[in-house]
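Multiple structures are listed underneath, in structure tokens.
Common to both upcoming complexes is subunit A, partnered first by subunit B, then by subunit C.
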Partner chain A sequence: MPASELLASPSNRKGIRFDPRTKLFLLITLCTLILSTDNSGLMLYLKPLLALIPFVLLLLSAKYWAGFLYFVLYVLGFVLELSWGAFGNGVSGFIVLMVSAIITRFTPCVIAAFFLMTTTSVSEFIGSMKKMHITDKITIPLSVVFRFFPTVKEDAGAINDAMKMRGITPKNPMLMLEYRVVPLIISTVKAGEDLSCSALTRGLGAPQKRTNMCDIGFHLWDWLIFGICFCYILIFCFQNQICSLLNL
Partner chain B sequence: MIEIENVSFYYQGNEQMGAVNHLSLSIPKGQVVVLCGESGCGKTTVTRLMNGLIPNFYKGDLTGAVRVNGRDITKMPLYEIAENTGSVFQNPRSQFFNVDTDSELSFACENLGYPKDEIVARVRETVKDFKIERLLGKSLFHLSGGEKQMIACASVCVTAPDVMILDEPSSNLDVRHISILAKIIQKWKAQGKTVIISEHRLYYLTHIADRFVCLAKGKKVFDLSADELRKQDTEKLSALGLRTPDIRCLEPEHAGATGKQSLCFEKFRFSYKRQKECLQLENFCVPKNEIIAIIGNNGAAKSTFGRCLCGIEKAGLVRDGDMTLSYKERLKQCYMVMQDVNHQLFTESVMDELLISMKNPDEQQALEILAQLGLSEYAKRHPMSLSGGEKQRVAIATALASDREYIVMDEPTSGLDYKHMKEVALCLKQLKELGKSVFVITHDVELIYHCCTYVVHIEAGKVTNQYAIDKSTHTFLRDYFLLQ
Partner chain C sequence: MNSKIGAKDLITLGIFTVIYFVIGAALSLLVSIPVMVPFFPAIWALINGTVFMLYTTKVEKFGLVTLMGVLTGLLVGLTGMGFWCAPTGLAFGLLGDFIMKKGNYKSFKHNLIGYAIFSIWTSGSLIPWYFFAQDTLAKYTQGGYSADYGTQVLAYTPWWSLLLFVGLNFICGLLGALIGKRIMKKHFEKAGIL
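Now for the complex of A and B:
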């Protein structure tokens, strides 16, 4: 069965390519600003604009379907968040507020992370971590973890099929979890051992400087994203001053 | 030149399994040597001694010296050994580090810090050598097992090592890919590389290999040339756990299926999400209560057929006499023993495994089933502590416990030695005697000759041939497996 992968391969990568560091910086800026501000003052206008960036990036990378879904979800959440009062002050109003606040705060972050993961290959990831002078002790285990997501997904699918085929549906949720997780751990441990052997016998961990085949570097688009992020950070830091200047 | 000098090795925590005992072996440059012997005889251990995984990765008790080109590699770090030794492993699924083929091919060179231009040139040359242009730029998760193994061989070749070490490389390959693998090994031989292959399947190597070294319990039993090996008595080879060196000599052991073709498949059409239809079986019938081999190349949709038959995928109807089974009913009537049997055993003991399969748990009946399959002594053991073959039998026992009529086995003998293959064959025959209809998806011609009575050949989602195995039809089989 074909498994969809989290990390990109060249065949599913279209459109403009960004440096992984740009994507990481965008993710951090986005999460910090969107999660740490409310909808008062300037932020009411600036936050939706910020949330628009991952949407544009998805379109530029030819991920139209994901972009469309995100757009609809965010707009819906944003409109609900502004108009929750219409649902009354009772439980229904509260639920609308809660759901819409979660949508507007978390979806942009999740989408930015999705964008980072689906458009970066393992090789690019290792290359950019090297450029940021992060030690191999962190980079290599992390890259192995990424490499494992699709494998775990395949295994989980096979286990699911086996349970369906054997007609095993325990009522007890703990038992259900046990039945799924134990075989998964066993096959993952085995795959991890094989993977380490194959990587080590191909010289992973050699002390000489590792060559990296992918082009990592900042281009026009990267500078643009960096510029926007910096502007946002500045506005965020000085928002009170800006508000009083504009008499808002 | 590889010299193994009086080497003994015992794995930490498991003294018996795969141990090597005072072994000496000398392999001159440019030789192709096959290591063979039954499972656990130490042949994989010998390959690990040569590529440095012992003692660098697998810990244990090591004495003696292993010298490659005069240097003792038991004292070298893995990345230094990696410069002139390449290793290919058994499981194509878990030996790639990257997600895309291009990065995977340049991976070894990148690690060793070669300059960029040189890596590009080497990758280009290797791709041409292996004729794998069409695999470039693809996700490794979308390749078949055979294609993955090609990439694994190629990704090792880019650094142009002198010594190639292959650990059961053909286990997951179909006939066509085995012949490609054989050609690759031949090319390496012509280039003067030393090649060491640990393998159960011998037939594809008899015209390439210079020597066959057989091990038993960590000791050398014989060291013969290919010609000498062919002259050996087959029974003697079987006793050592070896597969036949020449599949031309095989003869069907049983009378073929004679029954009426009363099990019919209708409208087995299936496509995976967003892909074109891979299974297109309109109508075909096979005899009931037989052992039916399903053969065909990788990607012919044999496994998909198995999944549809078991009702895991929603497709088609099965008519058994006047019964009509939809996929929902087949989920209750069919049982699949998966290729990776680890995925289908869930509980803490073999006994529990049987009890949860039964409609009305009955310990007495469970014990009877275990006794039938020779598993009585394992009733209290954790399924995961058993060997691969034993796990397979436990899975079959759960199929019996759940009282299923149709049993599908997906590649039950990949990577098994003669003895274990024979055990699987025996088990299948028992199932037949119990009145079950058994379907075996397999690339193992010896298994077919040992127990199957009927063959269905599937290519590109369609049945291209089907026949009962007897003296006249078994030439079809032989021709298919010899690629004629």
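Now for the complex of A and C:
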């Protein structure tokens, strides 16, 4: 079931390739900066520009549909966030503010994570983590985690359907645990045992140093993204000084 | 017995971390209600006891609980809930590992207490509310969220309640492990997972 795999296989990929480390750095930058800044001063103008980067990258990697959806959602959220006062101070204004704040804060991170996962194969991921000298103890579980998110989601949907078909709609949370969580654990653990076997037959547990055929390295685009992220972090650290310098 | 952590252990760790994290993340929707914020770690510990109890049947080597804490903490951070959980995951994971090692990961008593201690790591999500209250409040007020949210959460978290909620977290960990034990008997042994 290739469609359900989150980490892409290298064959079905189009567009420019980025180094996985670049994508990871972008993800961390986005998560920390967008979540911890407010809409005042410089950041009001710089934050949408930062949020635009994943959009450009999605286009460059030929993921037009996802990029388009993200762009529309973000612009909508941003406009609503700036103009929520127009909806009044009552409940409707509050709801608009909540929804738009969630959109503008979380979609850039989610989409950067989506970009990282859909354009990186497991081998590339492991290869680049190796290059950063991160131990197998973090790398292997983390790649399993990424590999399993879609499986868990799919299984949860199937279990949901099955329970509906049997007419089980649990109302109390303890039954929820028995009818939803238990089957989910069982199916995931079973799938995990298969994965474990297949990984071991491919020599994941071998004592030798593993070789990697992926072409991992920094190119012009990677340097560009790294530069932009660094600039943003610097601006973020010194934003008060810059503001006073520019008399904002 | 080989005491070094091998590839198979790491894959098992990854699988259980996924379930552990996904269930926790689903529960984290509760946090949008201010009063649930201090209760969230306890609820996480209560529901995930089942997952962890099953995990203990596969763990035999020192360090796997610690790694689970660190990994989940990192995932929690990457999904935008703050990075405080990574250091607490490391600290309480180590404590849990030490306790469970005493029973060689086989004794239920040690696993029970080990899980309850380990699950206190989720209380790391409360650190911003207790120790950096003013900064956090400022962040929520300026950050576009309603100012009410921050003030309401702070109203539920006076400084003396920290011990209370951490204690609750611990007790819910014990309860979660006990429930997990029962569920394991009822379902997993039949299904041949153990």
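Just so we're on the same page, the second predicted complex is superposed on the first by the 204 of 248 C-alpha atoms of A that agree within 3 Å, B and C clash if a C-alpha of one lies under 4 Å from a C-alpha of the other, contacts with A are read in each partner's own complex, and residues count from 1 in each chain.
The definition used in the following text is that a contact is a pair of C-beta atoms (placed from the backbone, for glycine too) under 8 Å apart; a residue touches a chain by one contact, two chains touch by 3 or more.
Quick caveat, the model's predicted, so the values are computed rather than measured.
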First, second, both or neither for A:L204, with subunit B first and subunit C second: both
First, second, both or neither for A:I216, with subunit B first and subunit C second: neither
Which superposed partner A:S196 touches (first subunit B, second subunit C, both, neither): both
Partner chain in contact with A:I242 - subunit B first, subunit C second, else both or neither: neither
Subunit B versus subunit C as contact partner of A:I186, first or second or both or neither: both
Partner chain in contact with A:D155 - subunit B first, subunit C second, else both or neither: first
Partner chain(s) touched by A:L27 [first = subunit B, second = subunit C, both, neither]: second
Subunit A positions touched by subunit B in one structure and by subunit C in the second: 143-144, 147, 178, 182, 186, 190-192, 195-196, 199-200, 204-205
Contact footprint of subunit A on subunit C as seen in their complex: 5-8, 10-15, 17-19, 21-23, 32, 47, 50-51, 54, 63, 67, 70-71, 75, 77-80, 139, 142-146, 179, 183, 187-188, 191, 193
Subunit B to subunit A touching residues, read off their complex: 51-53, 56-57, 78-79, 81-83, 85-87, 89, 91, 93-103, 106-116, 119-120, 137-142, 152, 155-156, 159, 272, 275, 307, 310-312, 331-332, 334-336, 338, 340, 342-347, 356-357, 384, 398, 402
Contact footprint of subunit C on subunit A as seen in their complex: 27-28, 31, 35-40, 81, 94, 97-98, 100-101, 104-106, 109, 113, 136-138, 140-145, 147-149, 152, 156, 177-178, 181-182, 184-186, 188-192, 195-196, 199-200, 204-205
Residue ranges of subunit A touching subunit B (in the complex, touch as defined): 1-3, 5, 7-12, 121-123, 143-144, 147, 150-151, 154-155, 158-159, 161-168, 170, 178-180, 182-183, 186-187, 190-192, 194-214
